[in-house]
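Look for chain A in each of the two complexes below; its partner is chain B in the first and chain C in the second.
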Partner chain A sequence: MTARRFRIIATLAITLLFLLAWAFPILWSVLNSLKTDSDVLAYPPKLFFTPTLEPYRDVLFGSASILPNLVSSFVISIGTTIITMLMAVPAAYALARLRFRGKKFAGFYVLATQMLPPVGIIIPYFLILRNIGWIDTYQGIILIYLSFSLPFAIWLLVSYFEDIPFEMEEAAYLDGASRMKTLRRIIIPQVRGGIAVTVVFVFLNAWNEFLFAVVLSGNTVRPVTVAMFNFVSVEQTLWAKLAAVSVLAMLPVVILGVVAQKNIVKGLTVGAVKGGGRR
Partner chain B sequence: MSGRGQVRFDGIVKMHGEFAALKGVTFDIEPGEFFALLGPSGSGKSTTLRILAGLDAPSAGRVFIDGQDITAADACDRDIAMVFQSYALYPHMTVYENIAFPLEMAKMSKAEIAPAVREAARKVAIEHLLERKPGQLSGGQQQRCALARAIVRKARLFLLDEPLSNLDAKLRLETRTELKKLQRSLGVTAVYVTHDQEEAMTLADRMAVFMAGEIQQIGRPADVFAKPNSIDVAAFIGSPPMNLIPARYKDGGVEIAGRRLETGLKEAGERNVVAGIRPGAVRIAAGGIPAVVELVEDLGDTAILDLDCSGISIRARVSDGDVPSEGAALSITARPADIHLFDATTRRRL
Partner chain C sequence: MKSFAPTRRTFLKAGTAATALLGLAPSVMRQAAAQEADLAPYKSAKIDWQQASGETITIAVIPASYFENLISLAPQFKALTGIDVRFEKIPPAQIRQKSVIDLTSKTGTYATHAADPMYYSLYAANKWVEPLDSYLADKSLTDADWFKFDDIIPAWRAADSVDGKQYGVPYDGEVTIQVYRKDLYDAKGLKPADDLETFVKNAAALNAPNDRIWGTALRGVAGAGQNMYIYPSIFREFGGQWFKGGKLTVNGPEAEAALAWYIDVMRKYAPTAAANWNWPDIADAFSQGTVASYIDAHSSASVINNPEKSKVIGKVGYARWPKGPTGKRVSSIWNWGFPINAAQTDKKKKATWLFIQWAASAETQARTAHRFAGPAKRSGVNRSSIWKDPDYVKLMNGFGDNFVEATMATLQSDTDVDWRPRVPQWPAIGDTMATAIQSALSGQATIKAALDDAQRRVEPMMRG
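Showing the complex of A and B:
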């Protein structure tokens, strides 16, 4: 065997190993969500079994339906994403373009908020929300999610705005456009890729969030990440149903990823190549 | 002075911290004039254009357009069109949308916009490209698109910031001619920034030569070329640049390399001067300054000779017919009217 051939095989083997390690939990969830409870617990594990949609039927339409939780997750994620983007786009534009007192500090503050360990601030957040009566409400959870999604979105978007040459904006002013019109007609269409990337990340962060949700939610507003634990109790774990909920919780993420894939790739590469926009 | 597109710059100063980018610039541009701002990098010409456009604010001084003080007016309210060096086309819009954009901002109806866009596109010969995006155009086509976007609105002032510098040499020459024709046919006032003195000479009705944040000279290109008022202007205008030779002036003549050449200045006395002779004004004739040909650069129709005149380097331009060979010894002279004299201390023209 030549050295080159050995290298290729070794690379392939290592790649396959990593791929398996990453893909195994997903594969496990998908397979077990199609089994009956007895098939899940069978030893040795069954590779060949009769697939059933019973777990899905149970978790969606049974007594412990997670549909209200999926709705909660959607409301929280979409709400967080919309409010974040409405505030992050103008803020990122201002940080990238305008000259104002305290700009450097503002930029640093945005980044610094990303460095805080979430677990350190969860108790103060809980106390604040409890005092204003917003525990177990959409507005409470969305407000807290904004505290980390907004700085993240601003930080991500600033580089996209910085990539647009100043001259483009100046040309628009000379063409008679106001600053707001320039932002809407000239700048935002050019950072569409960056906005798409940010929307996806903000949505996914909100959708996947567990730590804050488990503390700040209750029986009224309970996102799917928390509701999954309905199927884990002291007496038993309902593996098939838990796997079905996992797959259902993963679905929006996968769909969003596939739909936005083109924009994400474009947005990421555009962001990576710095233009002559900085001044 | 009345008329559309008249500009007055009155004592404009621009400071960047302690650094003065413009040190009190004053000039007037007449309506319909093609006015060039010429100077090397960092001389303040682009800053001047940006202040005129409203993209930068002056630290002191006032700007007037058509007699109206617009120093504090926003760029979008000045009714000025501009072609940028990078063209600054909107990449997400088609050529049609790019050209239509200023008209949309002026709140014109779609029915008015369509014929105006087609007319502007026709003037710069890009009617067939209207549906394309800027990314699908060549450099020359992008430049035309930027021109069309600037002329479509019939603004009172037309600013061009080195618009030809991104084109290749051949296209630059073609576009230069077209630009001049276009400006004449439209009758608009144009202010053109360039570091290329040939562009300024060929395009401009008048030009201002900038050096280190100040205007050194304003005038018709031919006048600036014929009578540069300082050593710096003399060195900047002309290709190859003027020979500038430290010399001793005495009673109407200068002594260079031990030989006396008569000048146009009839003034008694003696002083240190810098004598300027354009390469094209150097003549090969007997009885002049002895010189040895060090290098011949053949340009086809003419040739540039690098001459050594007893340690002084002089460049001469000769026609193709009489090119001496390298190493040849000859004698050079110049007509009195072709010798420019500058004060060695003040650097101003005598």
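Showing the complex of A and C:
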């Protein structure tokens, strides 16, 4: 009994330690975002201080407001996610189920686009967008984001589709359902968890992307990840404001994560159980 | 905390209202500024300011108060020339990347950009930017008597030229000086250091980590513009020469002595974390009273005098770079200048030049500095004449003892355009050296091994 209790306590302690290490930067940002500049620099770091919403007011409604950047980020991330999912679900299904010539090659090709280091393709992307006049436009950035979100989404979804027993589909066909109807009514509901996971990851990647955004964006379309850097000026780092923007930029992802959590957990366990069963 | 509990509705309302206001505010302000602007001082120049009217040019700058001031005057430029200017603010690390991509691909996105002086060799070697001599000499484009190009601080002008040809016009600049805590120095009877030896002695005398005061701090983080901003001055003061018999040399006895001095100071008298510090971190620490002295850009004076967070206002003094064992002072200089992107139509190039002439003119420099209406005052004004203007001098001396004298003396006597090797391969060389310095500082390699390794890496770069 005591050995068991010890194990529980040890597990708890280790979990807490990891949780703390993981949560520390976030807590730190939240705390600093509520401080004045002089409190941010105070030593020893103040845990108790008079909170101020000044940094938030500044970054939201001040002269360097990030509201337009948040809008940019939303348009880009939501656009990327919707288009990716519309294309990735059928593509993943096809790769998992259909037999067609060049299937293996197509699968590999989709993956190959993921193998290039992003830095290497920035200049070609810049030139392409420049030539078609899509620099600093939503369609331009979304198009480029699709080039890496799509392969990622397809490969993530393929594994979920492969996990569905073929018998389920056969049953639907026997009952006279068409392939499209089967996909819509039988298959997709089964991979809901997988789709939720994919949506979160695609949205997260698009939301947090910086490397391409900084090169391909401009004054009109500028996501929050790029705008955030303007609080690190050559003269000084505006810690409180930087923290406030970070917290604001974190929020949508956190909310999406919480909303999708139920489905994600389900999605993850579906995969796990199936994998275990196969063995 | 309780005050921040908006319902969804009030939040949306506030957001919508704010967005609407934001949309309106700039246009209202722009109109007001344009109406108030007195353009007579510009119109006394004997050129046709309207010759490129109707053009639109995009200019990349970095987020900094001195560019914010300029951006707020853009409506005056539009009223004067009929040229529309769009500014794009890009952080310092990315502006190099973006402008090089723009220049290599010859897309002409940015008519001009805030350029790193160390990049001009690269730009010029590839003919990406225009030589400016013809623009300066063209009487239809430049009124030499009005523009007074020679009034711009010579050290910064030289930094923006390659082989005697001008490629950029400095807008705002910096020079590296010694900054110290007057009160702490006085208490111990210390004087600001005149040579590196005294600098170390002063740091040792004030170093008391248990009381949270460290003797000094120098840029420690690895980077061509970070530890390789401070090290080259030390290297040159110890007698180092970048080119020995035409060959780029970064190792040898002088280099070893210089690096040893830097590492000794950083290990013994600087906070441990300073190995990862950049200039804002040094200024932040100094402003909190934990560092007794530092050597860095004179422009950091505005940070350590920021009443909102500094605890050392009124306790600061300034002095020139301490002399090295050779008796030489080698300060580092920096400026953000404007080149003309060569991949543009002739009319756009003219519009760009008119913008550069306007931004670098004595009138605009004054309007963005001591005569600027807002709170941020520039300490990097490009004109020798303004540095003698009593109004400006008074404003600048508000930063502390000896500020203007130290800055001016350094700019006049202690700078050296070759404080870093000015070659097209600089960006790669700078990064290689930065890594070598850091590995020696962290003890991963001995000083000699780090420098010899850097030499081995640098040589093929110079051949290629």
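By our rule, the second predicted complex is superposed on the first by the 249 of 279 C-alpha atoms of A that agree within 3 Å, B and C clash if a C-alpha of one lies under 4 Å from a C-alpha of the other, contacts with A are read in each partner's own complex, and residues count from 1 in each chain.
Note that contacts are C-beta pairs under 8 Å (C-beta built on N, C-alpha and C of every residue); 3 or more make two chains touch, one makes a residue touch a chain.
Quick caveat, the model's predicted, so the values are computed rather than measured.
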Problem set entry | Clash-or-fit label for the pair chain B, chain C on chain A | fit
Exercise. Where does A:Q190 make contact in the superposed view: on chain B (first), on chain C (second), on both, or on neither?
Worked result: first
Problem set entry | Contacts of A:G176 with chain B and chain C, given as first, second, both or neither | first
Exercise. In this superposed model, does chain C or chain B come into contact with more residues of chain A?
Worked result: C
For this session: Figure out whether A:F61 sits in contact with chain B (first) or chain C (second), or with both, or with neither.
Result: second
For this session: Identify the partner contact of A:T2: answer first if only chain B is touched, second if only chain C is, both if each is, neither if none is.
Result: neither
Exercise. For A:I122, is the partner it touches chain B (first), chain C (second), both, or none of the two (neither)?
Worked result: second
Exercise. In the combined three-chain arrangement, what's the angle at chain A toward chain B and chain C (CA centres, steps of 10°)?
Worked result: 160
Exercise. So, does A:E167 touch the first partner chain B, the second partner chain C, both, or neither?
Worked result: first
For this session: Would you check which partner chain A:V214 touches, where first means chain B only, second means chain C only, and both and neither mean what they say?
Result: second
Exercise. Of all C-alpha distances between chain B and chain C after superposition, which is the least, in Å?
Worked result: 35
Seminar exercise, completed: chain A residues where the chain B and chain C footprints coincide none
For this session: Going by the contact rule at the top, pick out the chain C residues touching chain A in the complex.
Result: 1, 3-4, 15, 18-19, 21-22, 62-65, 86-92, 94, 97-98, 101, 104-105, 107, 109, 212, 280-281, 283-284, 287-288, 290, 299-300, 302-303, 306, 308-309
Exercise. Residues of chain A touching chain B in their complex?
Worked result: 165, 167-168, 170-178, 181, 185-186, 189-190, 192
Exercise. Tell me, which parts of chain B touch chain A in their complex?
Worked result: 53-55, 74-76, 78, 80-82, 84-86, 88, 90-92, 101-102, 105-106, 149, 153
Exercise. Hey, which residues of chain A end up touching chain C in the complex?
Worked result: 36-38, 40-43, 51, 53, 56, 60-61, 65, 67-68, 122-123, 126-127, 130, 135, 214-215, 218-219, 229-237
